[in-house]
Structure formats: structure tokens, C-alpha cells
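Here it is: the structure, laid out below.
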Amino acid sequence: MATVKLVDENSLDPIVQRVFRDIKATKKIDQVPDFWRALASDPSHLELVWTHLKNVMQPGKLDMLTKEIIALAVSATNGCRYCINSHTAAVQRLGLDNEGLGEVMSVVGLFNMTNKLADGYQVEPDVFPEAR
Amino acid sequence: MATVKLVDENSLDPIVQRVFRDIKATKKIDQVPDFWRALASDPSHLELVWTHLKNVMQPGKLDMLTKEIIALAVSATNGCRYCINSHTAAVQRLGLDNEGLGEVMSVVGLFNMTNKLADGYQVEPDVFPEAR
Amino acid sequence: MATVKLVDENSLDPIVQRVFRDIKATKKIDQVPDFWRALASDPSHLELVWTHLKNVMQPGKLDMLTKEIIALAVSATNGCRYCINSHTAAVQRLGLDNEGLGEVMSVVGLFNMTNKLADGYQVEPDVFPEAR
Amino acid sequence: MATVKLVDENSLDPIVQRVFRDIKATKKIDQVPDFWRALASDPSHLELVWTHLKNVMQPGKLDMLTKEIIALAVSATNGCRYCINSHTAAVQRLGLDNEGLGEVMSVVGLFNMTNKLADGYQVEPDVFPEAR
Amino acid sequence: MATVKLVDENSLDPIVQRVFRDIKATKKIDQVPDFWRALASDPSHLELVWTHLKNVMQPGKLDMLTKEIIALAVSATNGCRYCINSHTAAVQRLGLDNEGLGEVMSVVGLFNMTNKLADGYQVEPDVFPEAR
Amino acid sequence: MATVKLVDENSLDPIVQRVFRDIKATKKIDQVPDFWRALASDPSHLELVWTHLKNVMQPGKLDMLTKEIIALAVSATNGCRYCINSHTAAVQRLGLDNEGLGEVMSVVGLFNMTNKLADGYQVEPDVFPEAR
């Protein structure tokens, strides 16, 4: 259970109102996800995080699917329940099928293994370009 | 400094020879990266990890750049020095420029933040589809 | 569900009895939190951890609220459910309101982001004093 | 060594110029820390992170020392070299002496231990208020 | 709830059939653990991970109990719910009693503390042999 | 470089003297490892951590090699440089050869992979005993 009271979707706080409206419009959804309702317990922080996310999560050199795949890889590596659920749904909505999701997980799993092996043996970074 | 002696490129161990040759051929490089030379202190483990990596790191639903981007996102989240260096070089070789790298980092940074906020407030996973 | 049987509050083990009594007296509570009941499955470890915690968690250069805030920051960074709940309750009991809790989380989130950016770009520690 | 070229302090990029000037003015320092020079390889990301940090890192319910202590606790928990150095220097500049720093570390160490014990035994969050 | 549909024990996929049969025979169990049923949503990845695990998890220089204890130590350090439950059951089946489990946890907890202290003070690795 | 001045081996502080002497006698070494010299900047914390470690690190249900192997597994999972070096040296002194070290790493690597896969697919803990 969340450690703060989730703020009502119809909050009267003007910052919360503005941000919630923008979240729903930007994401084309009808309900505000609970993550944002928890952050709204501190309205100025809500606005700061939402502004940051909105700036980062738009197509650039990387398309939206790639960005959501990175988000899922980070969340799986951190073991964040809420985030894994949320970003799995996002990559699926953006068209990744089960086989594609399996590939994401296979890469995430593999490099979590090699990361620990490189650290576990304390291998120094390669200095010759071809070997990096 | 590595905690095990890095195995010489010209090792006489038949498993090590076979795997080192395959690494150089597959990656089109002239020198065996130090990660593999460290693993070679246990030849059967070397072969197991290389076989695993070779299977996962081929184009499928995801292309190679996307897979290397995931590898970099995992490595940055774990703070693995060797791996960050190695996978940064890999994404650059596959054509990602500085702006693209900046986008990868911006997404990695952002979701490491939101992961901790979702955990820090103990937000339960959303149950309505639109909110995931 | 805990992987060990939680030890009864009225355990007859003399070490457990002594530690449980001290926990309730020190924390001014009527029930032993489940964390300590799980540790009690190994009484000598229970005593060791409790003694350690009792020594560290007293006012010194830092007051108790600051110490509990650190505990919460560590727990949120690690994503430890039990601990986040427990230390959130502690900081609230010590007087931190929702806005203060929001500030803790905003700082925890921010530096989890910058940590991964510093690692992700492999930035070397600054050497000029002013820049640290 | 950083994986991107650190941007020169006298960069001609207008965003970089503006942000670097603000960093030096806000922090009252003469040189731009290398973290920001690395981020500047992607100017819009530099601005986004700096704006976020500037908003969070001002006195509120929590004073600046407490906020830097949280930053240090997060960085030590994550094992981020650059960040540990940077935030240790910051808490020292804000007046924390060696004994105070020792207390921060003692609390960070302690709760990293109890976090893993609570997780390791899979203890469920306490439900009675007094026990949290 | 798992983010993918768990594959039925009686799946008609030939790879899944073969791997599920081998899991049950090797582990001498009647039901396929849910971990493997989730992986089976990507049959080739299922086979790759199972082959890897089967190779690593056999007696060698280390006996099976020591290997499962390492698995539990890793899982507790990562806070992985599924894995902690699974490997706790495994060490118990292999004969570790509650006191032994308490010792595992006491060592896991202790070194998670000292890890963060060594990182938190940025202590350089010892160079004199006796001190390591 | 350590963030605190390492305390001299011949410190005049009575607590530091007593603990340093005990460390050398207990570990049968001539020099105090730098970890303890860093902790000594806060003598009471030094004593607390040393007492804790001395209590945990003695033979019980588990022998010393198994305990040091756990310490190494935890340190590799956390990526703690100082600790990986220190505990690798310890397991080698206790007789583990390169092949044995390779087995430790193979198990550490494997379960860091499966941990992330179990989390990444959000697999719920098994409830039937045989499947754990």
C-alpha cells in the first residue's frame, strides 16, 4: 500500500489540476496512473518530474519504442514492480509482441550476468579500440 | 587490476583456443577483449558465457543497435565500469552519435529516478489498462 | 510470506526474551515488529543486530529525524518494501509532514538520476576543491 | 576516463553558456564540475537536469545540509564514485565534521544491512501502527 | 502478477516440451516452477537459460549446498522475491537448518554493510598481500 | 582516494589501539587493512563494526571458506571494488583455486541473470513445495 494518500483525480489544487490534465492529454488516457497521484502529495515535485519526463519522452534520435524498452530494461535491472508493469504495458501498446519482449528480457538478463562477472573479476576497461 | 591472471591470447587450451578464435571472427576484431581473457581462467565457463552471448546478440525482432543500447542501459544502471566503456564503444560503432548517446543517458537517468520514487512511495501497480 | 517462522513474542529463549523486552522499552511500543521476530529464529544474530542498531540510532551530531531520513533514503534506493514502510512511519512519528516527505523523495529521486548519469558517462571525480 | 569529450568551459553553444554561467553563480564556484561538462555533450539534457537539480536543492522543510546528507547516503548506497566524492565535499563545506560524517556512514551501513535482512527473510510490512 | 501468460505444463511446442521434461527429471519434481513457465513464452530463451543453469548447477569444486547458498546470497542482495523464496527452499531441502540459514543471512547482512562503508569512504584496494 | 584521512597504525586513541591490535591478532596479519584505518576516523563506529564482524566471521554451521565465498558473492553483486579484492584474496588464502573461483563467479553471474528475469517478468513466488 502506498505510504502517502493518493491524491484524488479531481483535486482542487491548481498545479495538480494542470498537471493531471496534461498527463491525460499527452498520454491519451482517461485516468491518472497511481504513480502521479502519489507524487501529487507534493504538487511542485509532481510538476517537476512530469515536466522532466515529458521533455525526455518524445521522439528524437531514438523512437518511442526504443525509449520505452530502455525504461523497461532499467526497471527490470532495479526490480521496480510498479515500473516493470507500467513499461511492459507501454512496449506492448507500442507494438512489441511476446517474442520481442522475450528478446528484451534475454538481453537484460545476459548483461546483468556479464556485468557481475566483469566486476567480480575486476577486469579493467579495454584500451585498444577494437576490443571495447 | 583483475583478480585473476588474464589468459594469453595464444593459450594452448583447446577450449580457450576455439572460443577466442570464434570471438575474434564473430566480432571482427584482432584482439580478445580482457573480459574474455579473464573468464578463460575457467575454460568451461568461458565457453558457456560466450555461447549464451552469441545466441542472444544476433538480430531478431530487435536490431543490434537496440540490443547494445539495452546492454548500455543495464550497465549504467549497475555502474559497471568495464561494461559501460565496452557498450558505449559498441553503440558508437553501430552509428549512434553524441546526441543519440545523450538520449540514451537521459532515459536511463529519468527512469532510475522514477523507479526510486515509485518504490519510495510504495505505489501499487496500476490495474486499469489505460494507466499502465 | 516470511521464509522463517516468526518467533512468538512470548518466546522462552532467554536471549530472545531479553532483546524483545529491550526493543519494546527502547522504542516505547507494545508489540515487537516482525523484522525482529524473523531475526529471532537465530537468537545470537538477533542480539548482534539489535545491539548494533541501538548503538547507532541515538542522537549524536545528527538528530534522530536526520538519521531516520537517511534510513528512508537508503531503503528507497534499495527498494526494500518492509524498510520503506517502517522508516516512513518513523519519520512521520518524528514530525515530518507530507511536504517534508515529498522533499526527501525529491532528493532521493534526483540523486539516483545523477548517480546513473555520472556512472553512465564515467565521469572521473573532480580534483579541484571548488568543483566537488 | 569519461566516455564523452568534456565540453569546454568556454563553449560557444548558447544553452551551454547560459547553464554553465548559472551553475557557477548558483554554486559560487569558478570552475564547472566535470559532471556538467559531460552532460553538456547534449545541451538540452544539461539544461533539463540542471533546472531539476536547482529546483530540488534549495532550502525548504529540509535544510541544505540534510539534503546533501541524503545525496551522500544515496550515492554511497549506489557506490557512485564521482557522486560520493562530490557530496562528501559538499557536506564538509556545509560544516559536517569527521564525527558527523562517521555518523552518516554508520547509519548508511546499518540500514543497508537491515534492508538485506528484511528482504532475505521476506518479512512482510508491519500492519500495526506501533510496530512500523 | 506475471507480465506474460505462463505457458501451460502441457504445451505442444517441441522445445518447451523437451525443456519442461528435462527440468522435471533433473530436479525430480512433478510440476514446472512458474519461473520456467514464464520464460517459455520465448522458447529459445527458455532453452538457453535452462542449458546454462544445468551446466553451472552441478557439483564441482563446490558442492550443491554451497552453490545454492551463493544463489540465496545473490538473491537477498538483489532483493528478488521469487528467487529468495526459491533458493531458501533449495538450501533447506539440501539440509541447512534454521541456524545455518541464520548464519547465511548474518554474513549477507554484514557484508552488505561493509560494502557500503568501503564505497562510502572510497577506500582504495589494499596492495600489501597480508591486508587483503 | 579515500574521502577521510586514514588513521595511522600507531594512533594514540585508546579505542583505535585496542581494535587495531585485535584485528591484527585475529587475522594474523602485520598491517591494518585500509578499510579499518578509514573507519577509525570514527573510533566508536570502528569498534562497533569490528565487534559485529568478529562475531559473525567465526566457524559455526558454515565453515570459514563458505562464509568468505558468501562475502565475495555479495561484493561481486554490489560491485564493491575494495571488497571484491579483499574477499578474493581471502578465499584464495583459504585454499580455493582458480577453478573453484571460476565456479563461484559462474554461480554469481547465473543468478544475477535469473534474478533479473524473475523480476523482469514479475513471476510470483511458487506455492507448491516441490517447485520452490
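For clarity, chains are labelled A, B, C, D, E and F in written order, and residue numbers in each chain start from 1.
Methods note: a residue touches a chain if its C-beta (ideal position, glycine included) is under 8 Å from a C-beta of that chain, and two chains touch if they have at least 3 such contacts.
These numbers were taken from a predicted model, which means no experiment stands behind them.
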| item | value |
| --- | --- |
| Chain F and chain A - chains in contact with each | B, C, D, E |
| Labels of chains that are neighbours to chain A and to chain D | B, C, E, F |
| Mean-CA-position distance for chain B and chain A (Å) | 20 |
| Centroid spacing, where centroids are CA-atom means, of chain B and chain D in whole angstrom | 26 |
| Chain B, residues touching no fewer than two other chains | 3-4, 45, 48-49, 52, 56, 77-81, 84-85, 88, 99, 103, 105-106, 108-110, 112-117, 119-122 |
| Residue numbers on chain D that touch chain E, as the complex places them | 72, 76-77, 79, 81, 84-85, 88, 105, 108-110, 112-117, 119-122 |
| Touching residues on chain D, where the partner in the complex is chain C | 1-4, 29-35, 38-39, 49, 52-53, 56-57, 60-62, 66-67, 69-71, 73-75, 77-78, 80-83, 85-90, 96-97, 99-100, 103-104, 106-108, 110-126, 128-132 |
| Residues of chain D touching chain B in the complex | 3-4, 41-42, 45, 48-49, 78-80 |
| List of chain D residues in touch with chain F within their complex | 79, 84-85, 88, 98-99, 101-103, 105-106, 109 |
| Residue numbers on chain F that touch chain C, as the complex places them | 44-45, 48, 52, 55-56 |
